[in-house]
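Just so it is clear, A, B, C and D label the chains in written order, and each chain counts residues from 1 on its own.
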Amino acid sequence: MDINQVKKQWQELSTAVEDVEYAVSGHDYNVCLECDKVRDFATLMLDEGFYLVDLMAVHVTPAIEVVYQFAHFETRCRVLARAFVDDKVEMPTISDIYQGANWHERETRDFHGVVFIGHPYLKPLILPEEDVDLKPLLKAEAKLKDVDAVRRKPPEPAPAPKAKPAPKPEVKPAAVKSQEQS
Amino acid sequence: MKSYFSELFTGAWSLILGLKVTIKALVSPIVTVQYPREKIVVTPNYRGHIDLIKFADTGAHKCISCGSCMRECPSDCIVVEGEKREGVKGKVLTIFTLDFTKCSLCGACVEVCPTKALDYSNEYELAGSTREQFHFDLLKRVEERE
Amino acid sequence: MSMDVKALEDDRHHRYVLNMGPQHPSTHGVLRVLLELEGEYAMNLLPVLGYGHRCHEKIAEFKPAKSFMPNTARMDYLGALIYNHGFAQLLEKAAGIEVPERVEYIRVITSELNRIQSHLLWYGAYLLDLGAFTPIMYSFDDREHILDILEDVTGSRLTYCYFRVGGVSKDIDEKFVTGTRAFIKRLRSRFPMYEDLVNGNIILQKRLIDVGELTPHICARYGITGPLLRGTGVAYDMRRAEPYSIYSKFDFEIPTGTKGDCMASFMVRFHEMEQSLRIIEQALDGLPEGPIMAAKVPKKLKIPAGDYNSSVEAPRGELSYYLVSDGSDVPYRLKVRTPSYSNLSVIPEMCQGMLLSDVVSAMGALDLVIPEIDR
Amino acid sequence: METFYSILPELIRIVVCAVCGAVIVFGNALVMGYAERKLAGHIMLRPGPMEVGPHGIYQLVIDGLKLMGKQLVVPAKADPLLFRFAPLLAFAPVFVPLLVLPFSEKIQGFDLDIGLLVILALASINLLAILIGGWASNNKYSLFGVFRAVSQNVAYEIPMLLSLLAVVFMTNSFSLKAVVAAQSPVWFIVIQPLAFLIYLVSIVAETNRAPFDLPEAESELTAGFHTEYSGMSFSLFVLAEYANMFIVSSVATVFFLGGSSGIPLPYFEYSGIIWFMLKVYSLMFFLVWIRWTYPRTRFDQLMNFCWKYLIPFALVNLLITVVMVKLL
């Protein structure tokens, strides 16, 4: 796997690709996607030999953000891909590309109510059937934060002594803008 | 054909090896402890539920009812209350209860205590038929203790 | 729960549905699997989860991050210290706390003891699944020694809450060191016995070889990690791939298999115990003196805004904590990626067309801890 | 009346034999139940039953009383008649083979010319009982157990018969007494070691014991054919299992280990029975020993082992025996 080449391909698919300091945050790259590119991105990742570590949702404004975590068996390359759900709280499924996503998507549906379009069996997994509309991990109005509030603040006296210069500036506004466009 | 017989013989030999292990075990001494009759010595470092320490020099506990443990507890299972009394410096402890049904034995309360008034008890034989049996009144316990 | 059993049975009369669990001897906890059977062949499997869901992720959003430490131990009761380790590391990383070296050594030693303990329990329980009653007693005999050693230093026997943000709660002493060394010697002398009684046994080999074969590609698609992945020949171990703590200092091998069947993961786990012993030995030799707590751990642990990930190698595979912080001391979102969850999700594909007995061996090879899946 | 008096001694003999048979069945179950638990315990480095009486020797009595006191639960959708009938059917026929077993030269119920056939015929009835019981339970796990039990028992009866047949060819008799008599001075285990091994493997499968306990494989089928049984109806199955173990071990003793032959003990006329029991219980100890050592086989492997190894070997052995008998 040639990381530069892969990165180039990511850039084609995504709105932003940023390097992250591994020692501070525990992952290497942040990739911001639009929700219709998620499937293409997953296909690319599978072809490059990445495995799906995790799939989760974070409830922020303006919309719920779905975070895919990928890593590679051979080299250390931990990628977080993020995409905001569309205004119907929907997201295309990747469970036919990464079968392991099947349960993660069902769980996200349980906890956050994100509907994955094309999922073969989107029934409650962790929660009982009758709690289908419970969505327990959605934040209460008072606690709900904007997406910028949970992003790493760029300029800061390095928090950890061993951390090298703080990660590169965030490109988040772009993601938000894209959300507004959709 | 060769593998047919070799498999038979290696297989049979592996079975005999297994029998050797178990027959050796059959004649070796048992390792279990017959619990209610014999008991193993529990390490003094065992962390049971918390208890107030009775200090030998004063014959009393050292709790100043600051409530640090109460705030630190992840499961909110400690209740501490104190009151001001005439002629006594600081607050006097009036209530110190532990809801052991909720406690996860993390030890945060013991570590946060500014006067080191708390310690883990060594009790491990805790069985009961009601939840209320595990709502310990630590103040009463420390007063009753020798 | 959700599979329409009636319809399935009526539609295809030659198939019927067998309900395995939630109380079944070989599901190890409250896992339920619906098996669609044709004769004794499982044509379709549907795991039903959630019987042990305890809302850990929700709980995490309601209290200071460091108060979540006891909860981590309750997720995987067999790898409690390793779960502690991952979480402590996450917060240290996030808050920028430098951990003293002695602490790292203690963490590695106790984590590896914990890993051996977990593998020993799996070893016995797996053989119980396969119908051998005796090995579990032998492995528990060994396991009790670990529990005694760990009890002496951590104070508990199963759901440890020993690690703290920036350190450990209690220093290890000479008794621990000698006890651990004695245990290493003992366990090494026991391995030949296990080889004779179990590993070489023809019946066991026949039950495991060529059953539930996985490939690296399947593992990538399902996110399978841990001994199952290593059984397919991929030497992927978080201790090597993303060396956390001080694992880069130690010389140890990553056992791998070739075929990816149950026997491969069985032997990987067995050899991992040996490797863990090696790590412990080296760590005991190099144990430095020093404090057991970082110098400056703020009482209120504020985590700078941003997202943090911490991955460690749990006994069953890769464990990742993903924390989103909004700058306060309470996590905005904490997601725990538990290895068994991804590992279990493969069984519909892994066990298709298998005999019922093989489904039991395949499920045992996954080394499931159900509370970890349900969280 | 005349005829009644003429058959009276025979009647008394039958009654006495039946009573002795019952004593053996229950006594054997008590001894084996206790011995099995004790041996299993010590193999696992634990003491086994220790609470009731010294070293727990009354444990089985107490267990029996407990089982008798338990309610017999019949599942709602089970066939109530067959469900209740199956344990009785499993238990009743185990007495008859005891009647023809030669415990010593003088202690034998009836010396039938077809002694072996009686034993084998009645031993198969146990299988029918398992079939009925598992079917009537209306439980999928029970049904699986039954599938396995039937095919396993039918398959393993073949090598078992073939190995016994080798001995029968040598003695020219189905009478157990004749077989024992033919074994002086050399026991047939020396002449027919292969047949003995085949027989030994087959009886493990025939008695449904680990490593061939597939009909009740508890990690797969919870309890197999007796999943739904409780109380006394369950314990009748267990009694039958131990009685069957006793019978097949006795047959092995008679056919391969010289029956009651052994060094005569002084001052005891019936020393044969002591040797007989000693041999039977050593064999049963072996069955217990392997049960607590090995994992369980898989069903297709069990069948393969029978068809690929046991039956060809038994046939070859039989052929050699026939040729040798003819030649010598």
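For this structure, a couple of remarks:
One rule holds in what follows: a residue touches a chain if its C-beta (ideal position, glycine included) is under 8 Å from a C-beta of that chain, and two chains touch if they have at least 3 such contacts.
None of the values given here were measured: they were computed from a predicted structure.
Counting C-beta pairs in contact, the chain pair with the largest number is A-C. Greatest centre-to-centre distance from chain D is found for A, with centres as Cα means.
A straight line joining the Cα centres of chain B and chain C is 24 Å long. A straight line joining the Cα centres of chain B and chain D is 50 Å long. Put simply, the C-alpha centre of chain C and that of chain D have 44 angstrom between them.
Shown for chain A are the residues in touch with two or more other chains, of which there are none.
Shared interface positions of chain D, i.e. residues touching 2 or more other chains, are given as 43-46, 292-294.
Residues of chain B in contact with two or more other chains: 15, 18, 21-22, 25, 31. The chain pairs satisfying the stated touch condition come to A-C, B-C, B-D, C-D. Listing the residues of chain B that touch chain D in their complex gives 4, 8, 15, 18-19, 21-23, 25-32, 34.
Chain C makes touch with chain D in their complex at residues 16, 18, 24-26, 40, 127-134, 137-138, 141, 197-198, 201, 203-204, 206-207, 355-358, 360. Here chain B touches chain C in the complex through residues 7, 10-12, 14-15, 17-18, 20-22, 25, 31, 43, 45-47, 72, 74-75, 104-108, 111, 120, going by the rule given at the top. Touching chain A in their complex are the following residues of chain C: 1-2, 49-50, 53, 55, 57-58, 61, 90, 93, 95-98, 216, 219-225, 229, 234, 236, 241-242, 304-311, 318, 320, 322, 324-327, 332-333, 335, 337, 341-342, 345-346, 349, 374-375.
Against chain B, the residues of chain D that register as touching in their complex are 39, 41-47, 50, 289-290, 292-294, 308-309.
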